[in-house]
Amino acid sequence: MRLHVPTPLRWSDLDAYGHVNNARMLSLLEEARIQAFWVNGDTAEHAAGASTAVIDATPGATTITLIARQEVEYLAPIPYQRQPLDIELWIGHIGGASLEVCYEVYSPRLVEPRVLYTRASTTIVLIDTATERPRRIDDREREAWEPYLGEPVDFRRR
Amino acid sequence: MRLHVPTPLRWSDLDAYGHVNNARMLSLLEEARIQAFWVNGDTAEHAAGASTAVIDATPGATTITLIARQEVEYLAPIPYQRQPLDIELWIGHIGGASLEVCYEVYSPRLVEPRVLYTRASTTIVLIDTATERPRRIDDREREAWEPYLGEPVDFRRR
Amino acid sequence: MRLHVPTPLRWSDLDAYGHVNNARMLSLLEEARIQAFWVNGDTAEHAAGASTAVIDATPGATTITLIARQEVEYLAPIPYQRQPLDIELWIGHIGGASLEVCYEVYSPRLVEPRVLYTRASTTIVLIDTATERPRRIDDREREAWEPYLGEPVDFRRR
Amino acid sequence: MRLHVPTPLRWSDLDAYGHVNNARMLSLLEEARIQAFWVNGDTAEHAAGASTAVIDATPGATTITLIARQEVEYLAPIPYQRQPLDIELWIGHIGGASLEVCYEVYSPRLVEPRVLYTRASTTIVLIDTATERPRRIDDREREAWEPYLGEPVDFRRR
């Protein structure tokens, strides 16, 4: 099962080549990931409506998430467009204290033909803010995420 | 009359103080302004649903918009929140080749109490891409914008 | 007296128009300001060599700086260039708990002709991190900054 | 042989966790890459003093560089610091129309102990702006780059 996270562009995501900048793509993935995984006190529901949203990231929370690794394949340049990109998001692996989040970034929904712009994966480590060390993924998190387990991204250019 | 442009934050808009960065606020105003004023070929309607959207900014268009001046008052720090900020936008002045866009940036709609975070204004000059010189605001633009003319921002800290 | 703070551009400061983005300019001013005013534990000297650097902004410090107001006039588009911009920086006003920093942003030193790209000012408030309230500028700060007091920016487009 | 490209941080590279943001790291790599590979008309020499700088990226040039792939391992969080990061840069592979740039991002020179913050690689494709298709790496480029050929990055977390 995959989540679909609508992720709006900003005109400032473009660089001087007139396309979404390669570094900025990681900010878009970050935002999609936050929509999918973070509980946020200011609202009971969120864009993705995701039952995966079980990490409490409100200020003062006991967990922060560190990025250990990212891999990205850029398949087609992305122009500015008003409709949000359609980021499909799933989990490629759940480890002891880390998980691998996988993404396919598509053109906006309902726009034809559908274009796959980018494939990517991110390895996230859960850090206990008290000890500043990795902490184990707990049963509640594991249960919330398992329905979204799938094959890791099949990168073509390695 | 004012436009209300819902403008989503990103977590990456925060700086190390944990609030929306002062420079990033100008990117948020830029995005609200683009929603309000730019015709964009990819969709017949847009978030703001605005009849003010008459500047053709598609690649190859004959006009680009340059920023001549900005003034911003930051009234309260802005935390990360999922609901889009509610940016009110109107026009403080229409000149020969320039217009002054005015903004009040509020907390998300339906969230109580309503907080005014920021007041700002931007002077935009319309540039003809062929001559690279300012070009006159035409009748169609003037007509589209006049309903949104109002008092310029009453800055308190000058 | 004015400080000269050499401030390097990045290619990613450009937007789709191929010029330094108007919002990004505020990040450049922020960086020049930090070079000029912040003591930073990692080094005894810094780019600006500035005796104005008396605000301790290391993590856990007792003061943070909030931006209350900014005003910017953009006089000429800024292309990407390798040599750092030459930002002149002085103080237009020292109040009880705030100061007004003034800037003129010039083309790199030694490049002829010299171009004035941008004029700007920023009102900074010193916040005590314990009380989260403004705190008075102390004698040491006042003494460090007074040699750099000058006329506020003479904005032309107000 | 490796290039050493001194790459200054900005305070705005930090995110709300107080470390250099993971996406922003790609902008730092981009800047180091540009210093190393781009000829830029505004100056005969540049920070890296690199004989690898043979791609003409001035506006109107006949080549642009597209990013096809990136892989990054984040080994330690990076705090704000005034001295530039020391980015070591070499070439892991030269293909027909693409090259793989490799990086190790270290703490500033002369600061002890030396810390390896990040390992990364970027696959760049040279695009002919006239045809908008990949174009072959020419002899001059190959000759300039071959001295910097080395083993690709040995990623640990794949």
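Here the chain labels run A, B, C and D in written order, and each chain numbers its own residues starting at 1.
One rule holds in what follows: contacts are C-beta pairs under 8 Å (C-beta built on N, C-alpha and C of every residue); 3 or more make two chains touch, one makes a residue touch a chain.
Small disclaimer: the values here were computed from a predicted structure and weren't measured.
Novice: Determine whether chain C and chain D, two copies of the same sequence, contact each other through the same residue numbers or different ones, counting it as same when over half of the numbers at the interface appear on both sides.
Specialist: Over half of the interface numbering overlaps between copies: same.
Novice: So, comparing C-alpha centroids, which chain is the farthest one from chain B?
Specialist: That would be chain D.
Novice: Using the average of all C-alpha atoms in each chain as its centre, how far is it in Å between chain C and chain D?
Specialist: That gives a centre separation of 29 Å.
Novice: Can you compute the centre-to-centre distance for chain B and chain D, using the mean CA position of each chain? Integer Å is fine.
Specialist: The mean C-alpha positions of chain B and chain D differ by 35 Å.
Novice: If you look at chain D, which of its residues touch at least two other chains?
Specialist: As it turns out, chain D has residues touching two or more other chains at 11-12, 18, 21, 23, 27, 30, 80.
Novice: Sort out for me which residues of chain A touch chain D in the complex.
Specialist: 17, 21-27, 30, 64, 66-74, 77, 123, 155, 157
Novice: Can you list the chain A residues touching chain C in their complex?
Specialist: Per the stated touch rule, the residues are 11-12, 14-16, 18, 21, 23, 80.
Novice: Along chain D, where are the residues that touch chain C in the complex?
Specialist: Against chain C, chain D makes touches at 8, 10-12, 18, 27, 30-31, 34-35, 40, 42-43, 46-47, 59, 79-83, 111.
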